[in-house]
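One chain, chain A, links the two complexes that follow: it is found with chain B in the first and with chain C in the second.
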Partner chain A sequence: MNAYTTQLEQLKSWFFALAEKQSFFLPKKMEGVNYRFERLHCVNEQDLDLLSYRPTILPPGKHLFPDGEILFTYHKDEQGHYHFSQGSTIEPQIIAGVRSCDLKGIYLMDRVFSDGIKDTHYLQRREKTDIIAFNCLTPCDDHCFCETAQSLDFQTGADIFISPLLEKDCFLLEVQSSRGDELIKTLVSDKCVNATELKQQAMDSRPKPFGRQFVTPVEQLSEIIHHEDAEYVYQQYAKRCFSCGTCNLVCPTCYCFETKDEFELENSLDQAKGKKTRHWDACLNPGFAEVAGGHNFRPEAAARQRHRVRRKFDYLPQRFEQTFCTGCGRCGRQCTTGIDIFDIVNDVCLSVEQEQESEQ
Partner chain B sequence: MKPKIAFFDFASCEGCQLALLNCEDIFLDLLELVDLVEFREAISEKSAHYDIAFIEGSIHREEDSKRLVDIRSRSQYLVALGACACNGNVQARSNFIAPAENYQLVYGEEARNRVQIDKNYWPLWAHTRVRSVEEIVKVDFHLRGCPMSANEFLILVKALLSNQTPHFPENAVCVECKRNANECVFDKGMSCLGPIAYGGCDAICVNNGHVCDACRGLLPYANVDAHNELMLSKGISEEAIKSRYRLFCSAEKMSQD
Partner chain C sequence: MNAPLDTYNNPYIPMMAEIELVEALTERESLFRVILPEPLNHRPGQFVMAGLPGIGECAISISSGPDSGRILEMVIRKAGNVTGVLHQLNKKDLIGIRGPFGSGFNLNDFRLSTGNEDIVIIAGGLGLVPLRSLIIPMMENKSEYGTVHLIIGSRTPKEALFRSQIKQWKQLQDCNIIELVDDADFQEWDGEVGLVTEPIHRLILDEKKTQLVLCGPPVMYKFVLMEIKMNFNIPDEQIYVDLERRMRCGLGKCGHCQINHVYCCKEGPVFRYSQLADLPEALT
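Our next item is the complex of A and B:
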């Protein structure tokens, strides 16, 4: 693996050079306090705020799984035969400034979408996406809990992994793939011989503990979340839940979708031409678990909250042997009433401890 | 025979019908497939039976109510079109003010006195209670919003004409805000009714830098208590919050108390 050091100015020029050639996405500050991955167009258009940006509203992985994506279009010919063609064209893209938590989110989605029947729409986009990730030396804000969720320092899947070094405006770039080698050609940099040492020095400067910590080690959470109904805990959170689905839609590991069929009118109703699209769905929305005949498996908000927590800490970890919460903190940050999966998990664990104490 | 479609307007600005006329390309396609039998904004034919009756506007007078019942009896599907028909819209705010006081607000003190003593003005009293269409007749589908969304209109008509049941998810506006990667209105220092309001509008107001005022009505599962707490925590007075809830939704049953 090759490593290079470079300065902030060189890094910026490199980004702009890459952005001239293809779609290049980078976090950009919005009107209020939030950031969004937006296409980088020209020099001076935006400040490159790589060091301090608060996690974006939507995780970068959503660029691999866009809402409203056309799965296929179809038409019927004069003989009555149907013809199908792939919907959206997939262009190469670079996503830069991806933090470790989001990198892990993308890694988990790679696992999900290639498990069993492969999701070619996702995988084709993933194949055409280069990722330039960014290491964190401080927690991004009060909502962060990536260390305890085991996604801090996650590097898998990035073509280039950038770490800020102790020396001001100095960065270490680790090239992790042949595509990374291709990308880095245009960067003005020096080959680094003591990369491990420099990186370690920077990482040693991190605060300890790094961000919020679960009261119970993450390895034990699956067991607890699986066995405890913790009815009271979930009901307390459900009291202020709007069932709006925000927590799902901003989550880097929520991938549920619904599909819609649409036909074109064209002066007739014989549905000879149309398309199938897919749209992000959310298990906190009351209609999510409603089935034909009108039965709803989770009509109460508390049941939906529990379902979401179990997906992240029990059901999916059972299948993929990984916790499906990356600790990015988005759900708690974006929830208007401050419902945070971190707090729910801790409260469930604490309620178990209290139960055990009262039994003794 | 082509299906017969009719539009009827009650108390409204007829803006929803205009919103439809604005999407000429869709509308002209549609006209090939249906017989438009009543549409005051465009034609003046009449018919004895309607396959789809679109009702625009809120219901105020007893004669309006009777007319609506009559339309219902002659229609296979009845659709409430737009915020006036679905949840009363702004005119329903008067539901919370004593009628005489309303006349004073609009026409001055003399009017307030006259409607109370002069028999000729008594029919005006009938205007005092604003009702949604559903309060009077069975509504098969709601096309919400002020104005209604042309996209939803098309989804509904295509589905009904091809014997399918149109599906409109009962989700909050927040869903569409997230799909559009909008910054939360609360994070911009303003307040929003999106978490308790019907989406389906693609969050058009927030997309364009405004806030949501729930023109599409409050969701059946709206957690109004939690929303009220949230608004209070942002330093908004109880009176201002109440007024906000009543802006578009005063003819809804849940906002009566």
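Our next item is the complex of A and C:
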């Protein structure tokens, strides 16, 4: 693995150079305090603010799984035969400024979409996406709990991993793939021989603990969430849950979707031309598990809350041996009524402790 | 740099099949027999996604036996927008099919040669439709299987499905068929009146060598299983349930059909009862 050091100004001009060639996305401050992964335009210097960062509303992984993605288009010829085409063309893109929590989110989605019958649309987009990730030296805000969720320092899947160093405006770049080697060719930088040491010094400057911490170590969470019904805890949160599904939509590891078929109304009503698209869906929505005829397999908000928590800490980890909550804090940050998966998990753990105490 | 999406197969594109026959079975249900461009090679109990491009698709049980080659039979209930449009289709029209999906049954689990004697199949309402794909191969090769007990329940005589075929099955040796309706509703009816739970206690079974299969509306499972457990000591591994869930993709991705940690479209819709101990959401 090759490592390089460079200065802020060089890094900026490198980003601009990359953005000139292809779609280049970077977190950008929008109105208010919100950040969003936006396309970097070479003319606009203000677009490039590398040092301030707050978690974007939507995680960068959504660029690989866009809402409304075309799964296929079709047309019917005069003989009534159907012809299908594969949907939208996928262009290469670079996503830069991806933090470790979101990098882990993308890694988990890679696992999910290549498991079993492969999801061609996601995988093709992923194949054409280069990722330049960015290390965190301070928690992004009060909602962050990436350390306890074990995604701080996650580096897998990034083509280049950038760490800010202690020396002002100085950065370490670790190249992690051949595509990273290709990208870095245009950067003015120095080869770094003591990368491990420099990075360690920077990481030692982190506050301890880093962000919020679960009351129970993450290794034990699966066990607890799996076995504890914790009806009372989920009921308490369900009381103020609007079942709006915002937590699902902003989550880097929520990937449930609904499909939609449409035909064009151009010339006739005979559905001669149209497409199938997929749209983000949310398991917190009341109708998510409803079947034809009206039976709903998960009618209560508490059951849906439990389902979401278990998907992150129990169900998907059973399949992929990883916790599916990355600790990015987005669900808690965006929830209208302040329901935070971090609090739910802690309350479930605490309720177990209380039960044990009362038994003794 | 723009490469088209062609290096992989797109699992969402259906194959278009020609409709050979549409036969109204009841007011709401029609049998669709279609000719596929290639054989489906399905197992009993599997399902397909059937629909029309531009309109939508639904999970529909396969009702034909596993040796049906390019012929696929499905019973579609007019229950919503998509099935409403499908009901307007006629002979020679095209219908989109993806699949087969799901686990399904393994016929070897039922054969005499693997030490089985009695086979009990309990179907409520539309539950008969998927189970027909399991019953047909048993009836066609009856000598390979022991006694088949069928308990088939419908709401009213008007809603009873496949009656003439059931009549043929009744002629076969070691075939005990009990047909019921919840309510005869002043219509002609030569079967029994009552719920599918009622005849269960009358069955005479070699419990350890019995395989029991169950499919029906969600409310049915709990009561039938209760009745079975009260009367018989059939091991949980030998009891199968065929469950309904909302399926969208059929690929184990979209999340709608999830029952605890399993995807009904992938690991199901057929489950052994022993598997359900770990799936508290299964029979809700």
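The rule we apply is simple: the second predicted complex is superposed on the first by the 350 of 360 C-alpha atoms of A that agree within 3 Å, B and C clash if a C-alpha of one lies under 4 Å from a C-alpha of the other, contacts with A are read in each partner's own complex, and residues count from 1 in each chain.
Everything below uses one rule, namely that contacts are C-beta pairs under 8 Å (C-beta built on N, C-alpha and C of every residue); 3 or more make two chains touch, one makes a residue touch a chain.
From a predicted model like this one, the values you see are computed outputs, not experimental measurements.
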| item | value |
| --- | --- |
| Which of chain B and chain C A:R36 touches, first, second, both or neither | first |
| Which superposed partner A:M1 touches (first chain B, second chain C, both, neither) | neither |
| Which of chain B and chain C A:T337 touches, first, second, both or neither | first |
| Partner chain(s) touched by A:F263 [first = chain B, second = chain C, both, neither] | both |
| Partner chain(s) touched by A:Q271 [first = chain B, second = chain C, both, neither] | both |
| Dominant contact partner of chain A by residue count, chain C or chain B | C |
| Chain A positions touched by chain B in one structure and by chain C in the second | 262-263, 271 |
| Contact footprint of chain C on chain A as seen in their complex | 22, 71-72, 74, 76, 80-82, 84, 86-92, 112-113, 115-121, 123-124, 255-263, 271, 273-276, 278, 281, 283, 288-293, 295, 297-298, 303, 307, 310-311, 314-316, 318-319 |
| Complex contact set, residues of chain B against chain A | 26, 29-30, 32-33, 154-155, 158, 161-162, 169-172, 174-175, 178-179, 181-184, 186-189, 194-196, 221-223, 225-227, 229-230 |
| Partner chain B, residues of chain A touching it in the complex | 30-34, 36, 57-58, 67-68, 239-246, 249-250, 262-263, 265-269, 271, 279-280, 282, 285-287, 301, 334, 336-337 |
| Chain C to chain A touching residues, read off their complex | 1-13, 16, 51-58, 77, 79-80, 83, 94, 96, 217-218, 244-246, 248-249, 251-256, 258-261, 266, 281, 284 |
